[in-house]
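Each chain carries a letter (A, B, C and D) given by its place in the written order, and its residues are counted from 1.
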Amino acid sequence: MAIQSGERVYVYLEDERDFILTIEEGKFFSTHRGNIRYDDIIGKNFGDWVETNKGTKAYLLPPGIIENVFHMRRNSQIVYPKDLGFILLMLDAKEGDRIIDVGLGSGSMSGAFARMVGETGKVFAYDRREDMVQLGTQNLSLWGVLDRVEIKWKNIESGFDEKNVDALFLDVPQPWDYLVQCWEALKGGGRMGVVSPTAGQVMETLRSFHKLPFLQIEVWEDLFRQYKSDPVTFRPYDRMVGHTTYMTFARKVFELYPENTVSRE
Amino acid sequence: MAIQSGERVYVYLEDERDFILTIEEGKFFSTHRGNIRYDDIIGKNFGDWVETNKGTKAYLLPPGIIENVFHMRRNSQIVYPKDLGFILLMLDAKEGDRIIDVGLGSGSMSGAFARMVGETGKVFAYDRREDMVQLGTQNLSLWGVLDRVEIKWKNIESGFDEKNVDALFLDVPQPWDYLVQCWEALKGGGRMGVVSPTAGQVMETLRSFHKLPFLQIEVWEDLFRQYKSDPVTFRPYDRMVGHTTYMTFARKVFELYPENTVSRE
Amino acid sequence: MAIQSGERVYVYLEDERDFILTIEEGKFFSTHRGNIRYDDIIGKNFGDWVETNKGTKAYLLPPGIIENVFHMRRNSQIVYPKDLGFILLMLDAKEGDRIIDVGLGSGSMSGAFARMVGETGKVFAYDRREDMVQLGTQNLSLWGVLDRVEIKWKNIESGFDEKNVDALFLDVPQPWDYLVQCWEALKGGGRMGVVSPTAGQVMETLRSFHKLPFLQIEVWEDLFRQYKSDPVTFRPYDRMVGHTTYMTFARKVFELYPENTVSRE
Amino acid sequence: MAIQSGERVYVYLEDERDFILTIEEGKFFSTHRGNIRYDDIIGKNFGDWVETNKGTKAYLLPPGIIENVFHMRRNSQIVYPKDLGFILLMLDAKEGDRIIDVGLGSGSMSGAFARMVGETGKVFAYDRREDMVQLGTQNLSLWGVLDRVEIKWKNIESGFDEKNVDALFLDVPQPWDYLVQCWEALKGGGRMGVVSPTAGQVMETLRSFHKLPFLQIEVWEDLFRQYKSDPVTFRPYDRMVGHTTYMTFARKVFELYPENTVSRE
């Protein structure tokens, strides 16, 4: 299938610089290595390349979730791919699920959930900031999943509109203030995840979790390390990401008896 | 929705031992903490608990992908959740995708892909061992995704039956022998992933990758660390997984010019 | 120099089991792989081997600090070699230094400091538990460094007997209670280190550090990963140590002005 | 003891920039935050501060091994403190030891060994590059340990001049070429360490180690992670060092029988 006008293309230059372009007939895109004419791209296939007017090769690839996340417009901290894949698994996000996402932010988590829940599922994305609601809406629209996301400009203090959701993701500065509301929105056995950058936030969140009927409360962090891909010098890169966030997970049950809880206060 | 006979239930005991049970009227399951009568479970809701005949509480939860992977019958090394989530993202597995999985093994990767591709996608799972084909088939059937997976008892040396697949996952001892076949099966811009436990395997695989038109060749590993979830003693656990596998990723292009490749031989 | 009666020998069996033995003429040591006669060892050189009466080879090696630490009698948590080397560097422990060690415990840190300070330095080791004082004394005597360590059975609440020490190491459950006393004992520019297993302890310790004239307050942790030493299967071991302790370091200055401190309370 | 002319002082500015200065009467040092007059420093104590002529505080501290390593003149890759402390322990470097260091490079490892071996020990430092011999000599002289180090401008292919050394450290691009020579120089039970940045180097080195009578062949790497020292935001820094080197260790024995070696070729 040849690339058409209006299509989004992930362009990867020889020097490893990359962009996502929306192809428009007659226009061009300007890079530090010369201009790329969109008309050169139209009719090519993914996997082909075109040249800039300065002779640099530009490979044409379909953009995926990782490229979308790294190239989206954003004004908030994002959940990195290294954490995102694990969160989607731990929340067991899948076709048909109804999932709450707080806060919407730039929309990347809601976008990831929307991919998972398919046509038959739904994502309910809350944010109390109007600018985030606008930006998130734009990004979700761009990725073509806006119809699966119900966006709510709303504070969650007084609770969620939904009941019996399969999973709930909480990315707010003070998650401990909202765990009762989360418990109420989840179905029995439902899964929730919380991300917090600092140790103090996790400890405070754990204190709240242990007062409520949640099971399998787990805290994780991860370190991802990239290696040089040249076989002769195969070794990790000198520098790596040292920290993004702690991830806390738990599952709702209806009752939890004192005798099997740890350090309940 | 009350739990019914025939349903699969993830049972989590007070002492953190866990099982996946398929409920059958009139029967019971025997644990080290007493028997669980299935008739006690029928009619309960997920999130409820029942008691063994020795008074131990058993929480009833819906099994998800992670529980399925850890509790499946297997006779091969599995891809761990810590790696699995990242691989699904890097391969951009999503609704409608056509994905090749080699080898099928116990079926966990094919099962994970099947969840991602939805009703409209397809997984093509190859294995040259008959026992694996049988076991993988059993597990995929148990998880209810067998209709999305086309299982092939077949050696891949002479290539794949499919063309233009979106993604391809290779978990074999000598991946470098099959990269040409993989390239041929992938669509332009398609993504492939390879897992290998040893450094020598990765280096050999990289040598082969660099001889072919693949772009964005990346090697990753990850360390996941769990923390004690008691806020008072919040700290990582003493022991952790030190290594599972290296993960190598690449994207197919149609041509790649010598001047932009690294250490091409 | 042949091994003599009375000497300590690190014995490493073919199957990787190891022991430190003090050689006594006419006696023997019993292992799961047979007995080792001490008379066989006497007269051998380090680097030689002897056989047990069941034919297992036992290599004879001089014990070093790591073997001493792992084979000492102990009734407390030890500082692991992975952390120990870094602590010795960060405290700049060296010939001629006067160093305070709290608590003495089984004596391994005091033993390590004693090696560093040489004939001209001194270690002052405090512990409030009599059993620790006894055990630490025994171990330091065994390692031949007792003359460099002044052991004090004493609580540090009312301060230290020494002034102007070069370095101070604090391994107690509530380090934040003693930072003023530590500051008083250190010389200007002197270095101190604190080890604490939990995040909460570190945070509390940091709160206290930031109220006092300490500079270059740094917190570190480390992960050490061992690899299989067979070149064919070169890869990290499956399991590793996930956590031992957080290490906090700081240097004493006489005055510190509010404007250059971070989140001073 | 007041700071005197000729003394080396580690200067730490309010903004965390740092320098090592050798104080000379009547002179000054120019920083981005103003000049520091050396006459202001003379007579002050370590732990005091002086002000630049623009009012920035500069703390005066005694330089230690870590400050020396990070502020030395160098034209080679250095062994980082995170690895250095562990290497010193694994080689059991201590008073009275005779230690071989190859290559000398900028002198930091020889300097570290010289601190450990004391007045009664000796370091033998080899380098085949004349410029390194000169630079290493300068740095060791600056640190006041040149009398403990015998520097040799010499290739090690034909072996070492010393026998029965306690430890040997090898930091060369192709360590596998020299293991026989190393074995010959070591005493029975002596320890050696090798650093290599790439996996391929380690594998090649292991192949050579396994052909020789070496015991306890171990390969390690480490990750050190620094945390923000503000208790309110306590968390790891965003970025960290991902890799410096692999460290391979082994101990010499006189004979090693085939039956207890792994993958000997």
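In the analysis below, contacts are C-beta pairs under 8 Å (C-beta built on N, C-alpha and C of every residue); 3 or more make two chains touch, one makes a residue touch a chain.
All values derive from a computational prediction rather than experimental measurement.
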Magnitude of the superposing rotation for chain C and chain D (Cα, nearest 5°): 180
Centroid distance [mean C-alpha coordinates] between chain D and chain C, Å: 21
Computed distance of Cα centres, chain C from chain B, in Å: 43
In chain A, residues with contacts to at least two other chains: 199-200, 203, 223, 225-226, 231-232, 234
Chain-level touch network, classified as line, ring, star, complete or other: complete
Complex contact set, residues of chain B against chain A: 10, 12, 14, 45-49, 57, 59-62, 64-66, 81-82, 84-90, 92, 94-95, 115-116, 118, 187-191, 199, 202-204, 206-207, 209-210, 215-234, 246, 248, 251-255, 257, 259-260, 262-263
Chain D-facing residues of chain A, complex: 197-200, 223, 225-226, 231-244
Partner chain A, residues of chain C touching it in the complex: 199-200, 203
